[in-house]
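Residue numbering begins at 1 within each chain, and the chains themselves are lettered A, B, C and D in the order written.
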Amino acid sequence: MNIAIMASGGDCSGMNPATKRFVEYAIEKNINPYFIYDGLEGLIDANFKKASYLDVSGIIYRGGTILRSSRSKRFFEKKYRQKAYENLKKHNIQTVVVLGGDGSFRAFEVLSEEFGINFIGIPSTIDNDIYGTDYCLGVDTALNVIRSAIDDIRDTAMSFKRAFVIETMGRECGYLALISAITSGAEMCLIPEAPYDLDSLKRKFLKSKRKYFLAIVAEGLKISKDIKRWFENEIGIESRLTILGHIQRGGNPTVFDRRVAFEFVTYAIDLILDDKKNQVVVFKDSKVKSLDSKKVTSNRYRLDQHLLNIAQELMH
Amino acid sequence: MNIAIMASGGDCSGMNPATKRFVEYAIEKNINPYFIYDGLEGLIDANFKKASYLDVSGIIYRGGTILRSSRSKRFFEKKYRQKAYENLKKHNIQTVVVLGGDGSFRAFEVLSEEFGINFIGIPSTIDNDIYGTDYCLGVDTALNVIRSAIDDIRDTAMSFKRAFVIETMGRECGYLALISAITSGAEMCLIPEAPYDLDSLKRKFLKSKRKYFLAIVAEGLKISKDIKRWFENEIGIESRLTILGHIQRGGNPTVFDRRVAFEFVTYAIDLILDDKKNQVVVFKDSKVKSLDSKKVTSNRYRLDQHLLNIAQELMH
Amino acid sequence: MNIAIMASGGDCSGMNPATKRFVEYAIEKNINPYFIYDGLEGLIDANFKKASYLDVSGIIYRGGTILRSSRSKRFFEKKYRQKAYENLKKHNIQTVVVLGGDGSFRAFEVLSEEFGINFIGIPSTIDNDIYGTDYCLGVDTALNVIRSAIDDIRDTAMSFKRAFVIETMGRECGYLALISAITSGAEMCLIPEAPYDLDSLKRKFLKSKRKYFLAIVAEGLKISKDIKRWFENEIGIESRLTILGHIQRGGNPTVFDRRVAFEFVTYAIDLILDDKKNQVVVFKDSKVKSLDSKKVTSNRYRLDQHLLNIAQELMH
Amino acid sequence: MNIAIMASGGDCSGMNPATKRFVEYAIEKNINPYFIYDGLEGLIDANFKKASYLDVSGIIYRGGTILRSSRSKRFFEKKYRQKAYENLKKHNIQTVVVLGGDGSFRAFEVLSEEFGINFIGIPSTIDNDIYGTDYCLGVDTALNVIRSAIDDIRDTAMSFKRAFVIETMGRECGYLALISAITSGAEMCLIPEAPYDLDSLKRKFLKSKRKYFLAIVAEGLKISKDIKRWFENEIGIESRLTILGHIQRGGNPTVFDRRVAFEFVTYAIDLILDDKKNQVVVFKDSKVKSLDSKKVTSNRYRLDQHLLNIAQELMH
């Protein structure tokens, strides 16, 4: 049997350990592992390779993905999906393990309906915003990269009397921002999922004897610059804005991400051996399970209520 | 109401974020937070301090514990426990939050029986060997310190044709060793909880084309030096032994440990407000709960069967 | 004898190890060490403290400065300088060790002329742009923080076919950008000190088979966004911009910065014991020396010609 | 023209950036770069490869050496040196750039005398014990790995009342130990190059009010265990020993090591283009120069007197 692995959409740390486990566990189970490089673009352009142990040697500690990824417009056209299918058929590949988000899973749902291709999705995104799973690959590494940056910024914040506004990634999801705020001892956190009250925060800060403030703001709100000015005008303290940007995507994968990668991929290959189709591997209540892909892609992720309660303190 | 926090037994990363949350959440709930310094020794010697925000400023990113810890022989004598009780009574402290392992919880069970003192235990040990909880504070930081060391050693292992034997902490528990082996891509792992077969490993290694080997061995087995010699004599490859030692205890707490610290302490104080007594906070199936201390201290931790299955590959 | 230490202007890593050495070496030489907090503002507002061993315990590995710093407008008015002088006189402090840049040294030249106060300057700025010294405190730590960020970004750059534009600090000085480019294997570097040729770079890049590019741009040029667009429009490759910002100021001081801090401060106190006045400690040809402050502040730093030659490759 | 690069003896961080610069600068100068793998063993066994850009892509941030290294007994026999020579001749290689220590340079001096092979040595050893150069490749990375380990250990040392004895690498040379002690604020440092006085240290420590001690001991003295016992018996404080071991050799190369690698290799290739023979590149008074290999290998490195003076404080 031939199976393939590919990355699709944004990259994240943990994809390399996942790829290593994919090759090693496949070979252990007498399956031939293939790489599809460059995501959906490479699927269309037949950028395939039969993988061996050598290909995954020394990659376990590297961020990003040796598979490379892409976003593809061509895939929306039937003729290119036809090409994708023919490439898979030519290599005798019936099932693809997809490291990506719900957009990527939807793409494979289409391929499955049109051409009968099977896939197993592995939720991989630092946004942690996929329905049905408590955890997406890459989140722990991203959080620790952010932690390290905030720890460094705090050193310099303490040296002045300043407010530091730090913008984390997260388009519609404040998970990174909120966990970073809780674990960095920030005084303020603004995320898209919950209302905040600047007047209340203003009263709290003006009363406080603190010499410096850390405020974490999720990218999706698009108000980082406003919050910097708010500190200067309303609180009367010099302020600096740091947009963490792409350093959040990289970094040597943490132990947790390496372990999740190991467990997710092992489970994915076991599903294939079990003849399960179009599943997404999830982490729920400390256990690895799977859900029908449709269930995952047709529902919307919601931030845990417990976390939202904690957020109240930091938003009011 | 006055409540106190103390560390007891071995220290671990995460104790400082826990201490910070203790002070902040207590004040938020209109409780007076106290520190007991130097563990049971300080409890006997009345090394107490009423804590304020200032005491926990800038400690969230530091390993170890500002509370300092100790192991106490005096505590086994009734007259010293009497002193401990009187010190608590003098400060009007009815409940103590104890960062430690089951030995420390047992000490407080005695104090509870003899003098009616209450306590809430927070499992804190890098060995991860406490009954009833999937996770003990400090484990994730220890694992990531080990990871970083192994990543560095791997670089130099690849530069020679060598076997590197790496000894991790863990007296009777192979958790650190096993997770490190899985997440570092080691070729071999030996732990106290499961039988291993050197003959089978020898056959596997002699057949392999690998140029270097990483072997992770738990301290408790006391065979690291033998394994080094085994590589040289049986596999015929130069070998080096690294005993990671105390670097495993330190290190800037990871996001996961900071978050667990936050959740554990919040839950502990909520238990106190709820008038619950002699409980140990645990992390089970992704949820924070509590168990009667007796239940925790009278049962023995067992390594997860799922992990033991994975270990087979690395032990045979 | 009483002597004081203060930080002035931008903070940098290495100030804390310098402060620690200041206290320890002063005491060893039977001098009373004082802290002046909050820079020139604290000097005016009498924010003084007699320092002891305890004040510098556990600070050697922290970025920023426990002395805190500031920029002061009041200091430009004579009446505030008079206050500053009276504060020093009241504490019987004749000499101040100033951690800062040439602006701070100039401020103390005025204080020296007007009131006879002596000072020893220690060049401390991540810009490395002070005349007469090969090295300013903080530069090595800043460079290694940048390195770590670029290493992380490279992981994600390799995962896509992308150009990453990374903006480093440096108003008029390209030192950080240039050294970062050389030591990170960047393909392009633009700095204020030397002309660059985008047409030539375009020809080179279009010919190259590279799948991704790293471009380092010094903040002072104010063209980072233009370069991002240039990659997209002229080279035809998707591009991302990362502004490293304030993470460059923080971070656990490197061994080199801790050692320079040790040597600079030792030399500074030896100068005071030797009755030398208004000197700036410098690092020239691997040796610690000193120059008259006027010589330092009246000359302009120029980037080393050898470095400019290397830069040619990355700018054309 | 064909030139080769190889590593010999112990590996160190910085060898990979050096290898990358070697390939890139050689190609820029229209020279064909070759790799000799596995040190002198690979030289004898004809383990050669013509190198290209691809071979050095993504290696700049990795410790160890992709060239792999070895220690060779066979090289002491003329017949194997004859084979080494013939391999070089067959590949038309007249000059070899050798990353190693004085033992490796001596090996090539013999090859030069017997067969007319030329070489340029690049001092590469974390011991920093080669005559004529202030700096050997790899030292700064090793020092920062040690720093990070000591910072972590200090956290746990502060949590108990303990003496931590930390053994650094360094057979006959205390450079690593001494610089680590100075820059980590250790209370004690013992190295082979200078006498120490335990009685004097004992008096000092007994008088001190410190709650914990850090002692750095160079491996070459072989007294780490004795010093641990000395703390327990003479100072009366619990003590722990940590032998840092091979983690000191690895690690992502620091900016300084990457830059030295860049400058050393550039200078080495310029020497070859200049028809210079059997030189060792050195770093002296902030400048890159070269010395006749014989001069380097026939003289003995001595620790800088200035450093020895600083050591006095830590040894008495």
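Everything that follows uses one rule, which is that contacts are C-beta pairs under 8 Å (C-beta built on N, C-alpha and C of every residue); 3 or more make two chains touch, one makes a residue touch a chain.
Everything numeric in this text was worked out from a predicted model, so none of it was measured.
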item: Contact-pair overlap exceeding half with B-D, pair selected from C-D, A-C or A-B; value: A-C
item: Chain A and chain C, separation of their C-alpha mean positions in angstrom; value: 36
item: Approximate Å spacing (C-alpha centroids) for the pair chain C, chain D; value: 29
item: Distance between the centres, which are taken as Cα means, of chain C and chain B, whole angstrom; value: 40
item: Overlap residues in chain B, where contacts from two or more other chains coincide; value: 151, 154, 158
item: Category of the chain touch graph - line, ring, star, complete, other; value: ring
item: Footprint of chain B on chain D - complex, ascending; value: 7, 11, 13, 15, 38, 62-70, 145, 149, 151-161, 164, 211, 240-243, 245-247, 249-251
item: Complex interface listing, chain D residues touching chain C; value: 17, 20, 58, 60-61, 134, 140, 143-144, 146-148, 151, 154, 158, 179-180, 182-185, 252, 254-256, 258-259, 262, 284-287
